[in-house]
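Each structure below appears as structure tokens.
One chain, subunit A, links the two complexes that follow: it is found with subunit B in the first and with subunit C in the second.
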Partner chain A sequence: MRRQWLKNPKLGIKLVHIDPYYNASAQFLPGKWFAPRPTTSPALAMAIAYVWIKEGLYDKEYVASHTVGFDTWKAYLLGEEDGIPKTPEWQEAETGVPAKDVRALAREWGRKRVYLAPGGWGNGHGGACRNQTGIQWARTMVCLIAMQGLGKPGVNMGNLQWGSPLDFNFYFPGYADGGMSGDLENTSMPVELYQRMPQLPTMNTPFQKIPRLSMPEAIIDGKAEGYPWIGKSIEHQFAKFSYPAPGHAPVKMLYKYGGSMIATMNNTHRHVKMYQSPNLEFVVNQSIWFEGEAKFADVILPACTNFERPDISEWAGLGGYGHHGQQQLNHRVIIFQAPAIAPMGESKSDYWIFNEISKRLGLANYFSEGVNEIDWVKRLFDASDLPERISWKEFIRKGYYVVPAEKEKLRAPVSFRWFWENRKKDVPEPQPLPSDYAGEYLKGLQTQSGKLEFECNSLKRFKDPERPPIVKYEPSWEGPHSGALFRKYPLQLLTPHSKYSYHTQGDGKDSFLLNIEDHRVNVGGWYYLVLRLNAEDAKALGVKKHDLVKVYNDRGAVICAALPTQRLPRGVCHGYESSAIYAPMGEPGKSVDRGGVLNLLTPHKTQTKTTHATAGANSLVQVERWDGKTEYISEAFAESKERGLPSGLRLEDRVPAQ
Partner chain B sequence: MKKWNMIIDVAECTNCNLCTLAAMDEYVGNDFPGYAAPMPKHGHKWINILQKERGQVPMMDIAYVPTMCNHCDNAPCIKAAKNGAIAKRDDGIVLIDPEKAKGQKHLVEACPYGHIWWNEELQIPQAWPFDAHLLDQGWDKTRGDQSCPTGAMKTVKLEDEEMARLAREQGFEVMKAELGAKPRVYYKNLWRYSTCFIGGSVSAKLDGAVDCVEGASVRLSKDGKMVAETTTDNYGDFKFDKLAEGSGRYSVEITAKGRAKKVLTAELGASINLGEIQL
Partner chain C sequence: MKIATVKFSIILFALSLLLKRQAWRHPAFRDRLKERNFVAQFLARDEETGRWFAFRDGKFSSGAGRHANPDIKLMLKDAALGAKLLTPPINWLNQINAQKDFKLGVDGPEDLTNWFAQTLMMAQTVGWKFGIKMPDGMTRYCNMTNGGPVFIYVKDGKIVRMTPIEFDETDAGPWTIEARGLKFTPPRKTTLAPHGQNAKSIVYSPDRLLYPMKRVDFDPNGKINPQNRGKSGYVRISWNEALDLVANQIKQLKRTYGPGVMAVSHGSHHTWGNIGYYLSALYRFRNAVGHTQVHHNPDSWEGWYWGAAHHWGYTLRVGQCETYGTVEDCLQNCEMIVFWAADPESTSGSYGA
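Let's turn to the complex of A and B:
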């Protein structure tokens, strides 16, 4: 909502929204709407760059002084490489956006100082970067802003969602900073929290990892391989790893908190199959809610909500995972979560559960360090900078502390302004690390040349055919170019994050959210998830508002309540993912789901073979009025043979010979 | 005496639903004797957000309009109620007495705004009570106002004359004014919901390519008389807004330098995006 100032007529700021879906920002901030087909935005962006080149509407001086490799990309755009000039007419065939409009946008943009806001955080996000061409899109966004002079006054990029002047010198740990875990290897505890709140270190000795998107294959097939995301350096992304790891036993047990994987991961009939596999011998589910995959567990340990146990935390404090997440808010607010009621039914706090397990392993003293939950809350309070500002008694009495805003003279300077002005970096960010500087520390960007690179030196070093040194447009492998698949499933389904819930947190559970018609609709006593369809497409399908429809492909079939709308172009439909309700109407995997788990339909193939980037936000589907039939077989269940470890293979067989 | 009013700015509502959730949080499972019995968990929308999509992809907009009991000064429900079950306070707030109103299902139909809800379990009619129990404790705003992130929902306590003056100066409207119920909920920018637009995008072929035509003159006429005039922007776009819904046939005349004039007709109905108009 902080973007409200953009509407101030005195500022005369014009807005252009580019999104297949007329999103919440477009609704709130009136402007021109471009609706490219999902996954085609890189083509639209390249056509803009083409016009800039042809009409001299970019900052040539900046490109010469602050970038490298422009001539190579320019040649590609002009068609000198593949004989296809990336004109506005060329992109129209891809995106459906008229050439004239792209030309007009390029001209308007090239003549003004423009802030580029690609993507968004929080509710409703998960779009352009998370589909099959996400990597291309991200790269072209940087290319565009590089052509206009990133860091010049009035020329910058971000999404206008972060940036409130908060005081980050005030220390309070974020949710991945380690807490009481003692984990020095997999959290950012060593950076600060371990000094302030010394605790018994814990160490997970196995180094075996499973690529997240391939978890079902790892269990069912007994093997998987993938690439990690490790933020230490870009070279880490090429460290391929395999499961099982040498010398390690295969996974036989899953201890899972919550029921969200089926809702939030990709192509999740695979996860249904995984839970049924004899290779996964034992599943424990520690969960507040009996939803999602909790139903597949062998043992359920009911956990209470955070309203039933004491805790301490900061709103949007993502430290250890994301940098300065609090900047999405107007203030830093640290709260004491006082238990409002005692744990209901048989549920217990997570801490109690883990301590009881530790007791039975003879490790309780090491886990708890002999103190209870409220003691740990106080230890964290003491470790933070709170005691300098407020007493413990006052903090628990009041329930919160609002950190005063940063003094104006101490506010961080504008992003990238230092880069444009050829000075040393003067904004507080953890990256790039000293080792990422090719030249003098703090001078230049974290590229090999220290400049913006149209032709990436790093990719010249690592030959990856799916990520050429210059960004090229390669149509989505699941889209209008998919031939027979596209003829079978002619609608592109967008599945961004939910507007009204964060992951599965707020959805389902017979909560108030069921009453929001934009989220779920009550048809005949069941709350169906809303599926948005272009109004003309709906008419052609004979679908009216709130009709029950089946949206399906080879992976899954979901029953939703239809909402014909003008918010989408033809050929595109839209539904929020993260349904907390998983409700197969017959056997799981062999029936339709009416909970609304759209992630049963999404692809799990990574964006490229050498990354673990998800491409789940866009899938090909068909939609039809639901005839009430519940039979459906997912391709994950189509094989008649049960797949497990090849018979006769023993653990000893896996240990490499000395 | 100062009295309570609500001011809703339709241009600032995003359908975030924090106001509806705040109402659910306040009233579901909570009893406020003398003010309101608990709201049922599902089925009632004491704050109900209407929505309207205007136009067609890609020229469109969407208006969201939070509605609630209007706490009318000339309330039809008060007239229809038996045993004084509904009463208006001196400060403008109208309350349904949960005891006296028992069994009076006919009151649901008595409200022309659809904002009396029947509680089947308790057998009473219910409406949004303006959070009177909170205001009486010293709150200066409703929970919906407090939750609203954009200022689209505001509580004001003013003398009736002052409120009338404000409404006049800022062009506020009330719902179904013609009924004479005299609502105390005022709407700013309601035209976003209740009126129509006629828009389009002018283009022309130049040197083999089709381009947007900027600066073309567009004239909107009805029954031979000019209604409005504008020029196209750099996307060739034009938009005539605040036209009455269902007002019939209009003519759109487009003139651009060096091009033949083009005339189209548009029939309202609802908002129309004429799409690309190539000269």
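Let's turn to the complex of A and C:
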């Protein structure tokens, strides 16, 4: 909504869009479009920094006073380390963006007060962080803004998506605060909600964990390794964990709750194999809908939607890792989620289902504390600041409460202004944690130096050859440098999140959104997912609008409806991930899918060996008109022993881009 | 008799009156009382005072003192504690502490003790009225989708219409930002992201799972045929059969193999809420039962958590930085915005639009 203001010429804010796809925001807003090849954005960023260094277009004082390690990165960019200056010409071979355009962008950027807006939230989140070079990309984004004086008026991160001037002192818990979980370890409940809403604590006794990206390997091979997502400190991510954990039982039962990982994880024919493994003796799936993954369960428990049970929540109230997520809104709105209709069929609320199973384990009074769902809703209401503003009776009658906007004088300060002005941190977020400051509490950042670090102390202490202390450009292992694989599968497939589905939730289900041609297209009575591809490429492939095409690689094949477009550069195609429908036309795992599960085709190898980071938002595929055959399984996939690398790809196959 | 004993007795008597009254007033509560036949005994352990509550074929009776043969017992350490815990409004901290300190306990079949406790709670909430009656006979409720809040209009038990929320004159006013001689004020209504707009549509989806089901060639006591998962069909079973089967499998597998035998896997999101959410009810359940955690990768932030965090910290924002006040600063001071792999028109800030 606020983005509409950017169209006002009187405001005079110039816009630039960098994305291989001429996306909806670029379409909606003015501004020049730069289309780097997928996964090459770090090279583009480095060339911009190179121009700034060469032409003195960065904030040298700020870099000297507020950052560390710049000289090391500068030497790398200038080619003093590897003999390759990271010039606009150098990046052109990687990105396909003309050097002159990059030079012009760098010069204009270096002379203006610029907001950098990576990812959907403008400060990260999604975007190019999920492909093979996602770590490099995010790192370069911080380095660029560090060179321009992050925190100066007009120099910050964002695109008006986050940062609204709301009242952040009014307390209402977010979902990550854990509700009635009693979980003091895996939610942010202990910070505040636990004191406000006393409840019996719950603690899981097994400490065994499976890294989600390697779940099929854990079940099928009986072992997997991963790195944790724990936000307390930077170092927690270095602590490798292994499955099985010492002394624990192998997993024999899977309790799957909602969603469809066949659609949302990567290379997901692995998940079909996992489900068909005798190592899983029992699979229960508790879901609202019969999505792609539910059909692999032994027992299905039907849950109802939130329109059929009571609940309470705040719009975009995230808590935890998304502290003050309401900043993305114009208003804070808190809702009594009324049970508007009776549950459909025999479906039941999750709470009821869990309590009934708990009864059979003698745990119901522990699980429920002897109260009903609506009582928990009331307890959460009482735990918040709402009773000071609205009565319970009025709240459940009217159904919502709008938290008044903050008075102008009391608005939260601008992020990083405190940092730029060398003051104590004054924005209302309880982090970093006190013990994570090296110097005085509230002075400086969470890094060891307390400054922006071009050369990261944490990565000096933890050796990861794929994540050196300064960010360097290493081309994607599934892209134009992949040699034989690239010759076999010459198209780069982008699989971002769709606007029409929240993970798998909004897709399929015979909803009216299926009739939106930007989402799915009805061909011969079946709603196929749309695959966009460059119009010239389409012509060369003999593919016309809404032709059914087979998108495939060694991992599988998916049938989509083609949409030739000028919104993609040559060699790049685009289709949304998270299809709710998995519809193999023959044997599951061995036949073409017409549900549109593009994640059957994406790599599951992690971005680096010592991270648990998906790299699956970009993959190599080939596209051809569908011949109507329903069986497809490449020999390479069937025989693939090497689960880490896509079959056919060997490290020695890496060659420079053409 | 001590004052506390008298007070406790009076409260228990009042509770019995409440049950009778609510059964008389509310058909739903009347139906609830038909669900079980048993006798519950409230008891103060020290002075052995208490009151029994009997349920038989929907009829409810109650009496002071001890019942000869109760099916379940709710035991409080003494009458003073009973009076303290049962005097409304309920103080949950006292309730929880009494349980933690073993001063409040139950005895008897879990199904009956839990049913009784929930029924007592229901007696206090059954009369609550949700929603607003509209002039055209519909009732307007509110709800929350992952894409934003909505009004839900219901008639004859069916959702007829769903719209974003337009604020009324009693709701708070919006903020205004002044920048470069211009004023920016958001409209007084909520937005709804495209992915939330089909919420009504998917409630009535033909893909809804309506009954518990079992795979036709799965026999928990015989062949489980894992190779057929994804291929074989399902047969409808009763809730009791489904729940017994799941609970028995949990017990049996834990006994056979040891701790961690059950993995619990959930998506990164669910239908919106603070109670019926994966981080709430599911976490409580999985912790109570014991499980192998399927540890999530930071899926929306990968490069930020594993990469950017080393340059600027913010691990408690998964590597993304603070964003306070940036709408105002951007409108007032910024000259250019570089959208980099950024498509907020599609991703809507996740929940906003």
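The rule is short, and it goes like this: the second predicted complex is superposed on the first by the 626 of 658 C-alpha atoms of A that agree within 3 Å, B and C clash if a C-alpha of one lies under 4 Å from a C-alpha of the other, contacts with A are read in each partner's own complex, and residues count from 1 in each chain.
To be clear about the criterion, contacts are C-beta pairs under 8 Å (C-beta built on N, C-alpha and C of every residue); 3 or more make two chains touch, one makes a residue touch a chain.
Only a predicted model underlies this, so the values are computations on that prediction, with no experimental measurement involved.
Per the definitions stated earlier, placing subunit B and subunit C onto a shared subunit A by superposition produces no clash, and the two fit side by side.
By the touch criterion defined above, A:E192 lies against neither subunit B nor subunit C after alignment on the C-alpha atoms of chain A. By the touch criterion stated above, A:P118 is placed in contact with subunit C alone, subunit B being left untouched. Taking subunit A as the reference chain, the count of touched residues is higher for C when subunit B and subunit C are set side by side. Legend: residue contacts after superposition of the two complexes on their common chain; A:L254 is shown touching subunit C, with no touch to subunit B.
Looking at the shared chain after the overlay, A:P173 reaches subunit C, while subunit B stays out of its contact range.
Seen from the Cα centre of subunit A, subunit B and subunit C lie 100° apart once the structures are superposed, a value rounded to the nearest 10.
Of the two partner chains, both subunit B and subunit C are touched by A:E108.
Of the two partner chains, subunit B is the only one touched by A:K100; subunit C is not. Look at A:N534: by the touch rule set out above, it reaches subunit B but stays clear of subunit C.
In the superposition on chain A, A:A24 makes contact with both subunit B and subunit C. Look at A:R467: by the touch rule set out above, it reaches subunit C but stays clear of subunit B.
Superposing the two structures on chain A brings subunit B to within 5 Å of subunit C, judged by their nearest Cα atoms.
Comparing which residues of subunit A touch subunit B with which touch subunit C, the overlap comprises 1, 24, 27-28, 108, 500, 510, 512-513.
Every residue of subunit B that touches subunit A in the complex is listed here, in rising order: 12, 14-15, 17, 20-21, 24-25, 28, 41-42, 45, 53, 55-62, 149-150, 201, 203, 209-212, 214, 234-237, 276. By the touch criterion stated above, subunit A contacts subunit B in their complex at residues 1, 4, 22, 24, 27-28, 30, 32-35, 89, 98-101, 103-105, 107-108, 500, 510, 512-516, 518, 522, 534-535, 565-569.
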